[in-house]
Amino acid sequence: MTAPLIGGILDQIIEAGRRLLSQQSSPAAPGAGLDALCARVLAQRGEATALAAASELAARLERLTPAEETKFFRTLATRFGADREKILAAAEAYRREDSPAHLHQLGEAVEAPRQELLRRLNMAPGGTRAIVSLRERLLGRLAEDPALRAVDADFQHLLGSWFNRGFLYLERIDWNSPASLLEKIKRYESVHEIANWSDLRRRLAPDRRCFAFFHPALKDEPLIFIEVALGRELASSIQPIIDPDASALDPATATHAIFFSINNSLNGLRGISFGNFLIKQVVVELQRELPQLKTFATLSPIPSLRGWLGPALADAAGLDLDPAERQALSALQQKPSVDATDLAPLRDSLTGLCARYLGGVLGGPRPADPVARFHLGNGARLERINWLGDVSPKGLQQSFGMLVNYYYDLDNLELNHEAFAEAGKVALSKELARLIAAKPRPKARPNDRTPAIVTGS
Amino acid sequence: MTAPLIGGILDQIIEAGRRLLSQQSSPAAPGAGLDALCARVLAQRGEATALAAASELAARLERLTPAEETKFFRTLATRFGADREKILAAAEAYRREDSPAHLHQLGEAVEAPRQELLRRLNMAPGGTRAIVSLRERLLGRLAEDPALRAVDADFQHLLGSWFNRGFLYLERIDWNSPASLLEKIKRYESVHEIANWSDLRRRLAPDRRCFAFFHPALKDEPLIFIEVALGRELASSIQPIIDPDASALDPATATHAIFFSINNSLNGLRGISFGNFLIKQVVVELQRELPQLKTFATLSPIPSLRGWLGPALADAAGLDLDPAERQALSALQQKPSVDATDLAPLRDSLTGLCARYLGGVLGGPRPADPVARFHLGNGARLERINWLGDVSPKGLQQSFGMLVNYYYDLDNLELNHEAFAEAGKVALSKELARLIAAKPRPKARPNDRTPAIVTGS
Amino acid sequence: MTAPLIGGILDQIIEAGRRLLSQQSSPAAPGAGLDALCARVLAQRGEATALAAASELAARLERLTPAEETKFFRTLATRFGADREKILAAAEAYRREDSPAHLHQLGEAVEAPRQELLRRLNMAPGGTRAIVSLRERLLGRLAEDPALRAVDADFQHLLGSWFNRGFLYLERIDWNSPASLLEKIKRYESVHEIANWSDLRRRLAPDRRCFAFFHPALKDEPLIFIEVALGRELASSIQPIIDPDASALDPATATHAIFFSINNSLNGLRGISFGNFLIKQVVVELQRELPQLKTFATLSPIPSLRGWLGPALADAAGLDLDPAERQALSALQQKPSVDATDLAPLRDSLTGLCARYLGGVLGGPRPADPVARFHLGNGARLERINWLGDVSPKGLQQSFGMLVNYYYDLDNLELNHEAFAEAGKVALSKELARLIAAKPRPKARPNDRTPAIVTGS
Amino acid sequence: MTAPLIGGILDQIIEAGRRLLSQQSSPAAPGAGLDALCARVLAQRGEATALAAASELAARLERLTPAEETKFFRTLATRFGADREKILAAAEAYRREDSPAHLHQLGEAVEAPRQELLRRLNMAPGGTRAIVSLRERLLGRLAEDPALRAVDADFQHLLGSWFNRGFLYLERIDWNSPASLLEKIKRYESVHEIANWSDLRRRLAPDRRCFAFFHPALKDEPLIFIEVALGRELASSIQPIIDPDASALDPATATHAIFFSINNSLNGLRGISFGNFLIKQVVVELQRELPQLKTFATLSPIPSLRGWLGPALADAAGLDLDPAERQALSALQQKPSVDATDLAPLRDSLTGLCARYLGGVLGGPRPADPVARFHLGNGARLERINWLGDVSPKGLQQSFGMLVNYYYDLDNLELNHEAFAEAGKVALSKELARLIAAKPRPKARPNDRTPAIVTGS
């Protein structure tokens, strides 16, 4: 988060800092390890030298070899982690005498020095970007090296405070937006691919809306973006919406706003919550422009469905299926690719399972599906399951072609949100509540959830 | 730091939160204590209820009676301070087993819950402003109630992270600026008072410049502002500069930019460093507009001089004065008001003392004068002492009418800054170095400073 | 209307043009007459030399002595007027042969060369401003020198095409507007004087609105501005509205928007119509911000009333007054200053006369009062006469303290406007219609007007 | 040039005008001829009805059948042309008595009523666009119907005054510009076609610059745009410049700015001069951004060369060629397509002819080539002829593959411009001056030009 300083002055200061650094008695040799450079960043008391060192570090971090990267993350975990001896000594001092000074020392000892290192890196030009990129690579290593989890906790803590909701701003994106930005939308769209500029243009036609959230420190990055189709009914299928040759509707006649694609652009910000307001802002913005809109809902994928079903089928009792059904599902699950013909006989089984999975009856204490968790966390209601809603290979692959609508009813959003946040209760439409009730609940097991609430009409 | 949310949505959410709060089983009665309200702010897990509670807290804090205020700060110090028992338990657990989880718990225990309380307050509309205003009142109580120092440390920590230099932006202020902003400049100017709009207009005439720094969370507040007079020599006296009837110079013929007034507007941000770049930015901005400018320097007060001299005169050896000089100074010091006639005979004594005081030979390990500390910390050089530079009652009162020039030489700024930050060395002009050298140094005493460096020409 | 050229390039070109001009065989000597300079402006074919000459002309015109000014206007009237011989020859050629070329030549001959001169002057930096200022001075000479009317017709023609409504834009002015602009509002306000900055600030308080129209060629000049008071009734008196110490109303509770001052800033644009949309735009803008507003009306002066009454009283039959009334009015009319006591006995007479004067029964074929003409031409309705509405010396002087409300009813505005534009019909409230009807119409005389229409409720 | 009125108010007024129109005694039936509608536009005195009628006219003009269009232009020529009888009567009145009133009447009679019709049309939303589009179609008919030339003269006169240079503003276009605007650049580029978005992106890469001029009344139309390649030498060939796969140069190392494509977007504005400043502005803008640039020159086509050569070859004496040369050229001229092999033997002949054609020795009194006329009129110097500069089919076709550089030397621009504007003198580089001098001038003939001046080095 570098200052919006008058052009060039930052460079001037960094240059001066660089000269001063090079005069220091024992400069780290240019080829010296990253460890030494990190230590220097932390050691500087002058602003110019600190910036110069941080700035060099940012540049070095961009071209690490895999081996260097491994070593760097290990160093963050160990050398720049908290110092156990110091903590224990501070704790002992505080135990003996309850003084503010002792408490303060304990607080300082507990914080890993890598936090200060990252804060200083964040002040250099390009620092924020470098940190987000570092974290992306760090996330890829957590599985193999659990000791890095503590490092990631510090990244997450700092990124969470820098990218808090208070700094995000919403902008509408359309065909008048900068081409450089549209190019990013094209590249980052991962829910329903944008193949080329004609495809992109259709997504920004008069009966579409696209909104993105930005942060001042990464001005040209649409952190999250949301694509909306205006229409006259609750959409049940994605293919007509993304068809580049579909004719456009007059927006003045639209009654429904369908959020059909929501993308987080930067992997390095995974898990950083931008708050629950984002979609609400889009709803309010759409209402302002088109007051005649009555329904706001998503047409969403269920990315985790198939991944969950495999192991779940192995647990005989869990899904409460009759043996034939279970066998047919297992067979389907094992096919490398499926088509509409394969799916047809299992329609009832699959929609029922999907409803119970998303509705919180099956699976862990809260829905494991990240999309469901996002919308239910926002206070949306699980509205409808759409059979053959996405017949693309990807759609068939991840959720047997099913899509789901989440319904945004502003009047109940806060209530639902609080019920879900406090007690894990899922808001359901009457239709889905009925579908779930049709199947007796599995015998009570430790992880089972509280009954879902119904707010739909 | 409330979100730049689309108008009205925040209010909508807060209203919904308020309704939900009022349904909670044991709501704090409207008249209930602030304690209960603070506890509620911390207890909410839903975003809407947390915001609604924080928002009510912000409103309540604005109209505290003095008694309530006293009680509130005490509560912050005790009930929302760190929990000693919890800390000791967490420390013991960590001592027994060195696990990340134990370390994390210790970290959480050490942080006083009032930090989270302030963070949540900061998210409510008007929250930042409320916190800055709270701190102003808190600072006024530190002397009488030292236990509040720990509370203030938390305020300072959070304000420091929110108001870091990366978010400040510079804007030029002139006669085309909004009247509402100019009115604030008029009100906040505390170095050389602005009496009325004509006075103000002269300060913004074509041969004056005014720059202010702003922060996104307090958009209409000029946090710091700097007034500059363009001229053709190193100014030695303030009265001609602020004379509303002085004729204006053609800026194209100016060679010197004199910074004659620098104001921090908000007392609640006292001690929060905005970094050392601010004046440098102004210098760069001026160079861009008027490339012919050659000299950038201040014409600054020495607000602490007289306050320091009183006690210092009591210490016979300290100032190294002959008895008659010392006696005359003591007599002067005790006069309720002084004029040029009183001062004339003591010119040499006073300028010598002033030079040694600011130059770091007398007084503590770093100059006690806040203005000196600011400019020397920026890397400026102590250039010249101006006898009868400010003959206003205030100028005569605080520094016997003397003003001082600090010289901003971009080529040496970083070097000076680092030397001062690392080793407390003061950069001096040749003239001042000579003046200081003329007087033998006092015998070495524990607090004495390292010799000053000379960078001037 | 100089180009928004990249800074400095215009100056560069003019400088080049100046060098070229100075090389021309017989340059006008620096002291040469304006005639020669005007001729040069017209003679140049190159863009640079034309600009350089026009630019010199603009500068010269700013510092004319009265004698030079007289001479300059005479020159415009004669030397740069149309050439009778040329016109007659072209007309004869066209008479003989009806060809496009002959028609074109006739068209060219008929246009006075001063038009091209003004067009070229208009392209120089500051040219538009110079022309507007010239016209102001020209208007002051029309009475004494009727031959200048043809010159003014050309000024009016060109200014009318440059300042057409299509280029004006509306901006709201408030306490956040630039101080330099507010200073102009303070200076240009001529209906109800603004004495100082406190006075000005009250005019821009939350229960006031001010809107101005600007033109791209004179960006810093508010060509017209309108001051509005928000209130809860149809205002009948100006003094409470402009009282700097009056407390402010919460705008959310206002039901009435009262336009209490409308100013044309530049005398040089007198008679240039900016269209009938201006007030309508303000009404629409206010409705958007404060949808609860129900009534839009003015509180307006009747600047011509007393000036009209004097001569009118001399015509015995015209006003249809009984002799005593007439005598009392004549006495009143002759007093150098009047007060409320003088006026009280004549209240019925004066309000009746005023109603008939503005309502179109007395006076010429259309109301002679310029304010009435403006609002009736906009389609407003004459609503109410307010006795003692303005008790300032100026108010008592020009209209015996009376003010009048014109009512803007968007639904009838266009109808009223067309009726007034096409047939001179004045829209009246029922109350005023009754007041006018109470007095038998004067015997029909040539200039009498068609009966007024009534649209009020 | 519709007003930037607050959204919707114009529509409201037009709607009101429409209602009033429909109440007029003898409304033109909806199907009534355009003649009647035009007459109505001219007849309205109220602003609302005039706008409503103009607005209907604008809509009707957009969907004319070819037959209606023919009829409409004829009507403009006759019914809305000047009235001969009225002109003659006014001329006679003026002849008898030299009064301002008579002169004014004559002026009014001479102006064709279609001018007022177009002015009123111009005030309706979309009116400017409709007029520009009308003129495009009108230009296509001038050849077949010379009587329309007088109509076009009026279009040109009005468009010239609306689109004068004073209103144009320059904007840089790059990859951050709105996609909708880039799409237009892609479409309007007619000098060197842009095939697709990758092609377009290369044209906007860091070593390219693109600038466009806009007008407030057609905000989204780049009226003229200029593409610039930054390089390190005077470019001699277009293919490397527009190669989408060429690697990009670091702009900081560029010394030459080559203007390689200049497009006028709207045919309806053909012949409307935007002044001579446009390229100069671009030069100044480039100098500001990249002060190290030393050379500004074009790489330009010679679109008229081959079209001129055909007839010219027929005139034995004119070109001063030996018979074999002439025969070879005639053979070449008749080939439907040519390639480098065909051209090689004629290199000297063709470059010589080209130099003499552009240099003003051959052809009419001023260069017939429109590109030459534009740059020479700007004050550029004819610098170099590039053999095989454009080997695309189009380049080979129109100018035997030759391209030419015009050199923009700011120091001589105004001098050259004036010399060309006043006396038709062409500025030549030494190289081209030598090339032209090598061939004895043709015997003096009436149209021959004055000798060219040489300003090159």
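Per-chain numbering from 1; labels A, B, C and D assigned in written order.
The criterion applied here is as follows: a residue touches a chain if its C-beta (ideal position, glycine included) is under 8 Å from a C-beta of that chain, and two chains touch if they have at least 3 such contacts.
All figures in this text were calculated on a predicted structure; none of them were measured in a lab.
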Joint neighbours of chain D and chain C, given as chain labels: none
Distance-maximising chain from chain B - centres being C-alpha averages: D
Approximate Å spacing (C-alpha centroids) for the pair chain B, chain D: 61
Length of the line joining the C-alpha centres of chain A and chain B, rounded to whole Å: 40
Interchain centroid distance [CA atoms averaged], chain B/chain C, Å: 53
Sites on chain C at which at least two other chains make contact: none
Topology of the chain contact graph, where touching chains are joined (line, ring, star, complete, other): ring
Pairs of chains satisfying the touch condition: A-B, A-D, B-C, C-D
Interface residues, chain B side, partner chain C - complex: 175-183, 197, 201
Touching residues (chain side chain D, partner chain C) in the complex: 1-6, 8-9, 12-13, 16-17, 19-20, 45-49, 82, 84, 87-88, 91, 94-95, 98, 100, 103-104, 106-107, 110-111, 122-123, 149-150, 153, 161, 164-170, 216-217, 275-277, 280-281, 284-285, 288, 410, 413-415, 417-418, 421-422
